[in-house]
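Each of the next two complexes has chain A plus one more chain, namely chain B in the first and chain C in the second.
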Partner chain A sequence: MPLIAGIDIGNATTEVALARVEGRDVSFLSSALAPTSGIKGTLQNVAGLRRALGLALERAGFARDDFRKVDRIRLNKAAPVIGDVAMETVTETIITESTMIGHNPSTPGGIGVGVGVTTTFERLKEVRSGDAVVPVIPASVDYEHAAAGVADAMNRGVNVAAIICQADDGVLIANRLPRPVPIVDEVSSVDRVPLGMRCCVEVAPPGRVVELLANPYDIATIFDLSPEETRQIVPVARALVGNRSAVVIRTPLGEVKERRIPAGELYILGPSGKRIVNVEEGAEAIMDMVKACQPVENIFGQPGTNVGGMMERVRKTMSNLTDIALSDIYIRDLLAVDTLVPQKVVGGVAGEFSLESGVALAVMVKTEELPMQKLAKAVEADLGVTVEIGGVEADMAIRGALTTPGTKCPVAILDLGAGSSDASFMRQDGTVELIHLAGAGNMVNTIIMSELGIDDFDLAESIKRYPLCKVESVFHIRQEDGTVRFFDKPLDPEVFGRVALIHENDMLQPIRLNVTLEQVRNIRRKAKQEVFVTNAVRALEQVAPAHNVRLIDYVVLVGGSAVDFEVPTMITERLSRWGVVAGKGNIRGKEGPRNAVATGLVLSATGA
Partner chain B sequence: MQLSQELIQKVIAEVLAEVMNGAPAPSSAPEAEVSGIVCTEKGKAARGTDPREVVVAVTPAFGTTFTKTIVDVPHAEVLRQIFAGIEEEGLRVRVIRVYHTADVAFMAHQAAKLSGSGIGIGVLSRGTSIIHQKDLNPLSNLELFPQSPLLDPLTFRAIGKNAAKYAKGEQPTPVPTKNDPMARPRYQGLAALLHNKEARFIDRNKAPMEISVTFEG
Partner chain C sequence: MASWCGHIGESPSERPAVMLLFSPSLDPGIAVTVGAGSEEEGVPLVWDTMEGAAEEISRQAALRSRLEVGVGITSDACTITLVKHTQGPYILRQGPGAFGSSEKTALKKTLRWLGGAAACLAKGQPLPDERKEEILPHSAETETRKTTAAIERKKPLQGNPFPQDLLRRNAAGDDAGQQETSDPSEDEMVRRLVALVLETLGKAP
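Presenting the complex of A and B:
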């Protein structure tokens, strides 16, 4: 009986199904997966393919490099699809002439509100009694010395209303004063605080946020502002919302403004001609426009802008990899998601961060199918095995998915990968509708990275994949659903007190960020919702009969991202509203949602 | 610190003199108060119940025989900075003197076991420090600062601060530590001598004593 290997080269993994085929009888021997080397559909894939096939051979009882045992290799006829993901920050907060300090030192001193004129610590001795001042204390002054100086002034009758200091000394100074005043500390660029200006400092009690300085009318009351000036102060108040401590200083020229960065326009070519949408308008507007232009023929970015650069980069990468002329590469789909990006406030004096809004974009490029032939030839030369290119990927995915117990035609498949989300629908008569959409696992990583402000792709991947816990003691953790688990052996001190990820075999990976479990969980779930659920609905709408998802009975989820611990349930929940049976596939009743295309490739070899 | 020939000779001479004379090392802390701190023993250190405390363990020679670290940071400043770091986070500090060992990990573990929060800090006279937790193995730790020549006052402040944060159940970023590959060849001999001297004051049968620390000047 000939030995046939079905090999599916995906964006992130290469999957192999190995089987003996005789006529219509197929007996599967083994399956394996390995990371894809290089970009899907290019000659670089051979290394990953060898590795995956070697593993499958080994599992079937052959030598790992005994490739000649295989009689035929069937490759998927995937149009190379590459996704690129980029972040565009569309707003930026700029402070001119430092009128405010709104940051969250973890331990400010004192509680309450103080209003006075800013003055240096050295000049504090010369202040007349009765004057309301706010001394500004640099880190070079020790906390004992600072507290003594301020206490002296207080005893002389000077009204020290509040204190701004550079070092992390707020509580230390507060504990040494005869009467408590609000103290904002850890103001890194203390030398840029304007002196001799009227200033208001507010420190909220623990667990609460500033109320006075987050309210424009209270700021107007403190600084005697006119209605016009009050209007100008609104961005200040807005920027201070949610902080535990804040300082507002009135300078003649200072202002805070939110600038919108020109992110550029997108030109979407569809059957109805070219439509233009500005990235600044946000994800919803962009997605509406993409929907209005279905089927999208090509997408361009405005030249000279960030978006334009991104679109060209994608085209160029694709062109280099496939030797196809730049002009023959078409961007066929785009997914936009609104995100928040922590950005350093321009002109801030305490290293303040502000959550600016941004748009994450994933695009998908489709080219002609020529490169697959080249790849097939390269594999043939390398392994010395006959290579043939099987049917269309989506077709194969359906064949594979139908090996899931409990499925029948007509059926829709959602193939959720790393780079793209594909959907296909097979009618009773065997005809297939299919679509490739941009945005999948990698986009979730990008959103997690930008919202948490990290640039570690592997950490983002782990956050996406594993559930969270908080290590509460050396012997117990609290998991994200609130349950507690105990351990017999002390946990690694590295994870003590931290938010951590629970890998396989209870290995804990600490997240070295100053974040709570809930924050990470919300970001993770929101990113998955906005990428996978949005794409699932979008994809099914396009392949469903009459574009009506209700007319689909069964949806089978396959692909690497369907292995995720919560994505399938999110999609199942969303689709259950339409009465659609949706769930993770179980290829050949044992592979789970993986190996669908590879299995389909083998099955199609039977000629059935 | 200038590693002068005289200094090394002085230390060697001192150690040798003691070895030659066979004079038993004093088992309790010498009473000389020259480091700017006054330490008064208040009796046997008890197990604390206050979850807001961090316990700092020092050796018998700390602030007495020795008055500064290997790089001349006065012991008064070391403790003042550690205390300040803990106070800034809103916690309290208790100090014990550990007699039965001069191994910084075991000292800190002893401190952690006596601490109401379960967090302790161990400090050797030459500056080597460690943050410990009561449930960990003694030779494990939360944060270790092994290269004493690289510890400056700001590092000690950060050590106090992080210990307090662990006690509060927060997730501090580990104190950034410097690493100087030359620290070992330059200071190892001196560190060994200092440790030898430090270990002379060990009394294996004496329980940890609680001490009160007041700063002078």
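Presenting the complex of A and C:
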């Protein structure tokens, strides 16, 4: 019996199904997956394909490099779509003179509010009694020495209102003073604090956040600001919200403002002509416009703006990789999601961050055709095995998905991948409706990265994939749902007290960020809801008979992102409102939602 | 201060505290440094001296501590032990870079970290970062300040805070991405930055 390998090259993974086929009899031997090398449909894919096929051969009992055992390889005719994501920041806070320090040292000293004039520690000796001052203490001054100097000044009658210090000594100094004053410590660039200026320091009690300095009117009261100046100080107050300690210093030329970055306009070409939407208007306005322009023919960004640059980069990269003329590359869909981007405050003193609003954009590029034939020839030359291009990807996905027990035609398939979300609907007569939408797993990662302020793609991927826990003692963790689990072996000191991810085999990966479990969980779930649930509904509305999702009976979720531990239930919950049976596929009754296209490719070889 | 860090006899016995035991041959000044670490975290520390290996004396210390966290220091190792954790010390620092370090500031840093770590274990919080960013010396910081500030101020004009992520995702394969991962506008960015630095220097008095 000839040995046939069905191989599906996706945006993120290459999947293989290996089977013996004789007439209409198919017996599956093994399946495997490996990361796709390069952009799908390009010659770079050969490396990933070799790895995946090797794994499948090994699992079927052959040698890993015994490719010649395979009689025929069937490749998917990959849909010529590639998705990508980027982030646009819409606002930013600019402080042209240093006027604020708002950061969260883990242990500030003292409690309360103090107002005085900033002065160096060395000059504290010269301050006259009765003057209100805020000494600025560099790390070179030992805490004992600092506390003695300040205590001495206090005893002379100087009103030391508060302290700003560079080292992590806030509590140590506070414990050594005759009377408590608020102390903000760990201010790294202490030499950038303007001296001789009126300054207000606030430290909230443990478990509370600053109230005075987060209120523009209180800042106006302290610094005697005019209504116009109060308006200018609003971004500072906003940036300090949620901190346990904060400093605001007034400099004569200090100008603080919130600037709206001209993110640019999007031009969407649809059947009704060109429509324009400004990225600044946010995700909702953009998505309304995309919906109004269905089916989208092409999308451009305003030349000379961020969004214009992004659209052109996507086109150019696609053109280079596929050898297709720039003019033949169309952006056919776009998904926008509102996010918060922690951005460094321009001109801040202690590396302050402010949560600025932004828009995450995923686009989907459609070319005339991917050069699959070229790839097939390259694989044939490399492995010495006959390669043929199977049918259209969507047909193969449906064929594979229908091997899930409990399904029947008519059926809709939602293929949730890394780069794009695809939907197909097969009617009773076997005709197929198909749609590719922008935004999938990679966009969820981008949103997680932006909202948590991390630039580690792998960490974001792990946060997306694994449930969270809090390590509460050397022997136990508390999971997301509140259940407690004990471990036989002591947990590593590195994870102690931290929020961590539970990988396979109970491996714990600590998240080294100052965040609570609830924050991470909310960000993760919100990102998945806004990308996958939105796209599921959007996609089904477009392929459903009469664009009515209620008319679909069965929806099978397949693809890498359908393996996720919560995405399928989110979609099932949303679709159950319309009485649709939706759930994660189980290809061949054992593969789960993976391997649908590869299985379909093998099955189609039987001619059935 | 006696209330935060004191000899076992000076402190009220019922007060919850982390316990530190160290070899009698060591300078009692180390207790103050370790104590500063735990005091900054808001946890009191009591100390005493005892003969024995670091592991042994830290276990004794843990048993004596009302917070069940003990620190042991000898001339060649520092350990932290928890009562509930019976398989040896929970944290161990040995050799150069631990107590044996000849460098005075490094030694002080390790000791203070040890106090902070013991306090955090008692509080159930993540351990303090041992490799905390070194604070730049005053002068160097001031020199670089103006230029970086100017560059930082202009940076957002480049717009996209994640320019690098575009298309790198899909090109993550081992032999992929060499063709177009470099941003076409990178040259332009460098040119603008150089112009900016020159401009800043030119305007300096």
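Following the convention adopted for this analysis, the second predicted complex is superposed on the first by the 591 of 608 C-alpha atoms of A that agree within 3 Å, B and C clash if a C-alpha of one lies under 4 Å from a C-alpha of the other, contacts with A are read in each partner's own complex, and residues count from 1 in each chain.
Simple rule for what comes next: a residue touches a chain if its C-beta (ideal position, glycine included) is under 8 Å from a C-beta of that chain, and two chains touch if they have at least 3 such contacts.
As the structure is a computational prediction, the values presented were derived from the model and not from experiment.
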item	value
Clash or fit, chain B versus chain C on superposed chain A	clash
Contacts of A:Asn306 with chain B and chain C, given as first, second, both or neither	second
Contacts of A:Gln44 with chain B and chain C, given as first, second, both or neither	second
Touching partner for A:Thr120 - first (chain B), second (chain C), both, neither	neither
First (chain B), second (chain C), both or neither touched by A:Asp168	both
Touching partner for A:Phe496 - first (chain B), second (chain C), both, neither	both
Of chain C and chain B, partner touching more chain A residues	C
Partner chain in contact with A:Gln479 - chain B first, chain C second, else both or neither	neither
Touching partner for A:Thr107 - first (chain B), second (chain C), both, neither	both
On chain A, positions contacted by chain B and by chain C	106-107, 143, 168-172, 175, 472-475, 490, 493, 496-498
Residue ranges of chain A touching chain C (in the complex, touch as defined)	11-12, 35-40, 44, 47-48, 82, 84-89, 92, 94, 96, 106-107, 138-140, 143, 166-172, 175-176, 188-189, 191-192, 261, 263, 305-306, 309-310, 313-314, 316-317, 320-321, 341, 343-344, 346-347, 358, 418-419, 442, 445-446, 449-450, 455, 457, 472-475, 490, 493-494, 496-498, 510
Sites on chain C touched by chain A in the complex	1, 4, 36, 39-42, 82, 84-85, 87, 90-91, 117, 120-121, 123-128, 132-133, 135-136, 138, 141-142, 145, 149, 152-153, 155-156, 159-162, 165-167, 169-177, 179-180, 183-185
Residues on chain B engaged by chain A in the complex (per definition of touch)	84, 87-90, 133, 135-137, 140-142, 161, 165-166, 169-173
Touching residues (chain side chain A, partner chain B) in the complex	106-107, 143, 168-172, 175, 472-475, 490, 493, 496-499, 512, 514
